[in-house]
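Before I ask anything, let me first share the structure, which is written out below as C-alpha cells.
Order as written gives the chain letters A, B, C, D, E and F; numbering starts at 1 within each chain.
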C-alpha cells in the first residue's frame, strides 16, 4: 500500500480553474491534491534578440515558489539574489514542453511568458506547472484571437505532464511529497494529446531501475495524462 | 466623485481569510477590493546574529509581487538578481510596523518571518500586507502558545495600515490603483488599536500638501483602520 | 535637558559651503553640527529610457557613506556588491524631494544627478543631504543658464528637510546621533519655502506617538526649515 | 546516411587518458571524436553542512566550457558573474550520476569534487563528462586507498553516458554537433555496468517521438555504453 | 615645457592634513595639487580567517572614488554592484605597500583597514593614497600605543609613492591628469624612507620605453619621495 | 643553489605549440616547465562602444584557471559569481601588453579576444599567458590576412614576458612556484623584440629591494625574453 492510500494508477484529485488572474491574458490555478500552482500567460509584442525579424514568435516560462509553499520556509530567491539550479532546470523544461506543441511561426513576432508560481507544494510541482500552463497559454492565444491579433490558435496539440515512481518495487502514478521522498525512481513524462513523448526525465533515487520499469512507468504516465487532457479540455470549455 | 465611485471615507470591500496556507504556522489572505496579498508567518528557532544570547526575539518581513499581479507583466526579481529599492522599502516598513506592537523580549530567542506576496495588485499593497500580516503573526503566536513554546501571546496591540490621498482637492480613503496614479498626495498611516501612530509616510505627488491636509488625511486613516481592526478581530475569532 | 544641551527648538550649527567640488556643475558641502555631507550635481544631456522623446527632464539622487564616516567602520557597499535597503530608501527620498520643486518640463531632456556622500555621520544625514542637494541643484541650473542651455532656472521653490523626535516626552528639533538612538519617535519633514509638505516620514521607535505629537513635531520642523531656507539663500548668494 | 558517415550504431573514436592532471588525486582526459573534456577529481576532508556528523561522504561536480571550446566564442561565465541554467543542469546531472554508483557511507566524511572542463566541444559534452569523470573518481578513490584513507574503493559499479537521437526517422548513436543540431530527438542515457538505468533524459526537438523510438534509442545506448565500459576498464588498468 | 608649467623634477603643492576624520583612529587628507584623497585607518580586534591563531596582524586597504571626483561623472561602484578591475588593482597595491613597512607580528592579532576615498581626482590618486595612508596608519598605531594596546609602533619605515612619466621625450615627476593622459610612459614607484623599492609599476602608453628611461624615472621618484617623506614626518609631528 | 637546480639565468623548458584549438582563429599551448596555458584568439567583427565608428580595432584578454590547475583545488570563479582582483589584474596586463605591439588603426573595426586558460599552474602563469597569447594573436591576424579581411599583419613587434626574483640574495630568472613562494622580490618584465619595456611590475615580498637589484633583474629578463622570442618565431614558422 502506498502512503497516500491511492491505487498504484490513481491520480490525486485534479482541479484546473481557468481565468483566476485578473490582469493576465490567460491563467489557470491547478491543484493536484494539495499542490497548488498559479499559472499566468502574459502576451508581449516583441521577441528575444535572436528572433528579431524572423517572423517567428516565442513561448517561455518562469517558475517560482513562495517561501512558505513548503513544509519549512525556504529562502526567497529574490532575496538571495539568484535562482537555484533546480528553478532554472524546471523553467527551461516548462518552456520546452509548451514550445513543442506551439506553431511558433504561426504566432508572429510576439512572446508569451508563462509564470508558474507554486502557492503550496506537495510534490509534482513541475508537472502541475506544465499541465496548468498549457491551459493558460491556450486562453492567452484565444484572447489574441478575440482581439484579432491572430486568426487561429497556434497550439497544435495538448501537452501535460505527470510524475511516476517505483514504490517498494511497484510502479505508481503521481507521487506526492511523502511518496516522492522515499521512491526508488522519480520519472517525469511530458506527453502530447496524440500520445507523443515531448520529454522524459527519469532519475534513479536509490538503486538503478530497469528497462522494464521504464516501460511500466510509461504506461502509467499515459493513463494519467489521459485524465489530465480531459481536465484541460473541460477547463477551456472544450 | 472619485473614480471608484466610493464615498470619500469608504474603504473597499475588505476580506481577511485566516489559515489559507497549509504549511505555515500562521497565514491570512487579505483582499482590499481587487488587491490580494497572501501573508504567511514562519517560526524559526533562532535569531539574527546581532540578537544572539540576548534572550530577545525578532519579527521580520519579506515582500514580493507575482510577475503578473500587475496590469502589465513586471520582471521577476529572482530572475533580475536583486530586489528593487521599492521592495526593500516596503519590507522594512512591514517589519518595523509589526515589531512596534510585539513584545520581543517576551518572545524568547526565535524569529518569525512574515512573507507578504501580492497575488493581484490594485493599489495599497503595502498597507494590505501590514494588516494581513498582523493576523498571520497573531495566529503564529497562538500556534506557539498551543505548542507550549510560549505561555502568552506577545502581541501588545493590533496594527493596521491604510493609504489616503487627495483627489481633486478632497481627502479620500483607501486609494485603488486608478486613484493612486492620479492623486495629489499619497499618505500611508500605520496605526495601533489604541490609536497610536506607528508610521506615517506622506508624499506629495504633484503640488505640496498642507498641514490641514495632513490632519484631514489622519482622520480618514483613523476611521479606516477602525474598520480594519474589527475585521482583524473577526478573522482571529476574537 | 536633551543630551546635546540645545534648547528643544534649536538647530545645530549649520554651514552650507557652495562650490567645493571642482569638477561638478553645482556642489555644496553641508555641515549640521558634526554631520558633513558633500553634495554634487552632475548635468548629463540625456534622460532615462522612460522619458525619451518626452521633452521632459529628470532629477535623481544617489547616496553613500564613506566607510569610516561612522563611529565604527561600516562595510563599503561597493565591496559588498550591493546597496543596502536603507541606502536605496534614502536616495529615493532625496530624488523625490528635489523633483517636487523642479519644473521637469522646463528643464528639457537632460538629467541632473545629485550625489550625496556622507563624510562624517552624526545623525540627520538624509535631511542634510536634501538641504545641501538643493543648493547644488540650484547652482547646476544656474550653470546651465550661464551656458545658455536654459533660459530660466526651473526650480519653483526651495526645499529643505529636518528631523524631529520625542526626547523623554518632549518634542525636540534636529536630533544628533546620540539623541536619535534614544528618541521615542524619529520623524523627517521635507518642506518647501512656501510652507508646503513634500514628504513626512514618522516612525515610532519605542511606544507609538500621538496625533498631538505629530502636530508639535511639525511646528518644530517649520521653525527649523525656516532657518535652513535662509542659509540656503545665503549660500546661493541670494 | 548520417552526416558523420558513421553507421547508426557506431560510436565516435573514444579515448580515455588517465592521470593527465599533475595535481589532482584522479584525472582523465576523455575524447569522443573531436569533443575533449578534462575531468579532475579533488579530495577534500570535509562535507557540506547538511552531512556534518553523518559519517557519510559526498560526491559533487562542476562543469565549465572554455570560451573558445565552441565554433564561435561564448562568454566566460566567470566574467558574466553567473553560471547559465544549462551549466547548472549539467553539473547537477554529473553529480547525481556518480553518486548513484558510489557507496557514500563507505567513503566516510569527505568530499570529492569532479571538475569537468570542456576544452573542445563537438556535441555530447555532458555524456563525455560523466564517462570521463567516473575514471577520475575511480583513480581518486584508489589514491585514497593507497594513502590508507580508505580500505576499499567505494564505487559499486561503473557508470557511463551516451546521447542518441533520431536522424531522418532512424535512431542513431552518439550525436556529434552537426547531427545534434538537426536531430528530431536528443536523448541522454546514463547506464551502469550491470545494465541499470541511472538517468534518462529525452527531449523531442521537432515532432514528439514515440514509445517505440524510446525503446530503440535505449538499445543503442546499451550497445554504446558497453563499449564505453570497456574503455573505462582499460583506462583504470582493469 | 610640460602642460603644468612645472620643472621636470617639481612636485605639485603637497599638503598632508592629519586627524581630519572625527571617528577614525587615524586619518589624513592628502592634497597633491588638485588631487584630494581622504585616508582613514580603522582598527578592528580580529584578523582574516587565514591568520586566526597566528599571533600576527593584518593591514589592508580599500579604495574608492566619489562619482563626481572626476571631470565627468563616473558610475557609483556600489550602484553598479561591483568594483572595477582598476579599483581592485589599486587597493591591492595600497595594502601591499603598507604591509611592506609594517611588522605584522609585532601588531598582534588585529586588523587595520585603510580607506582611501578620492574626493577630487587630478592624476596620481593611487600614489597619493599610499602616501596619505601611511600617515593615517602611523596615527592609528600611535592611538593603539596611547591606549596601551601596543607597546611600540610596528611601522619599521616610511613608505610613499609617486608617479613619473615621459613627456615629449623627457622624464617628468608627478603627472597631473592632463599630463598623464598624454605621457608616453606611466610609472609608479613605491619607495621606503631608507631608499628601498617596495613596488615599481611601469607601463608604456605609446611606444615602449628604454632601460635608460627607467633609470631616469627612478631618480625622479627618489627625489619626489624624499620631499613626501619630509611632509609625512611633519604631518605626524616628527 | 636555487630549489629547481637551474642556473640563475636559466629558463625552464619552453614549448609553444601552435594551432591546438580546433575552432579558434589562432591558438597556442605554452608550457614553461610544468606550467601550461592554453591561449586562443577569437576574431569578432565589432568593437566595444567607446571605439564605434573610430575605424580602430581592439585587442583584449581574459584569464582563467581551471579549479584543479593548482596544488589544492581553488573555487571556480563562475560558481563564486565573480572574478578575483588577481584575475582582473592579470587580464588587464595581458591586454595592455598585446595592444602595445599592435597597430590598432591598421586592424580596422574588429576585436580580437585572447583567452588564456591555465591548465596546470607552477608559477609564472601571467608571463606565460602573454608569451603564448602573442603567438595566438599572430596566427589570428594571419588567418584574417588569408581570408582577405586584412592586407597586412598589424603586429609591429613581438612581445614576451618573464618573471625574475631574488633568491637568497641572488637574482634568478623564471621562478617556478616553489621558488616564487620564497623569493624576496617578484618582478615581471614585458619586453618587445626590439628591446623596449612595455611593462615592468616589481614587488618586494620581504625586504625592499634596491635599484641595483632592479638593474640585475632587468638583465636576466632581457636574456630570458630573447630565448622566448626565438621560440615564438619558431612557433609561427618564421
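The rule we apply is simple: a residue touches a chain if its C-beta (ideal position, glycine included) is under 8 Å from a C-beta of that chain, and two chains touch if they have at least 3 such contacts.
By chain, with names taken from UniProt: A, B, C, D, E, F = Ribonuclease PH.
Note that the structure is a prediction, hence the values are computed from the model and not measured.
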Find out how few touching-chain steps suffice to connect subunit A with subunit E. 3
Both-way neighbours, i.e. chains that touch subunit E and touch subunit B: C
Subunit C and subunit B are one sequence twice: same or different residues at the contact, by the over-half rule? same
Inter-chain centre distance, subunit D versus subunit F - centres from mean C-alpha coordinates, in Å: 33
Go ahead and note the Å separation of the Cα centroids belonging to subunit A and subunit C. 51
If you average the CA atoms of subunit E and of subunit F, how many Å lie between those two points? 28
Residue list for subunit F, restricted to those that touch at least two other chains: 81-82
Ring order from subunit E through subunit F is E, F, D, A, B, C
Please name which positions on subunit F make contact with subunit D in the complex. 21-24, 27, 34, 38, 40, 42, 44, 62, 64, 66-73, 76-79, 81-83, 87, 113, 115, 117, 119-120
What does subunit A use to touch subunit D in their complex? 82, 85-86, 88-89, 91-92, 96, 100, 187, 191-192, 194-204, 207-211, 213-215, 218
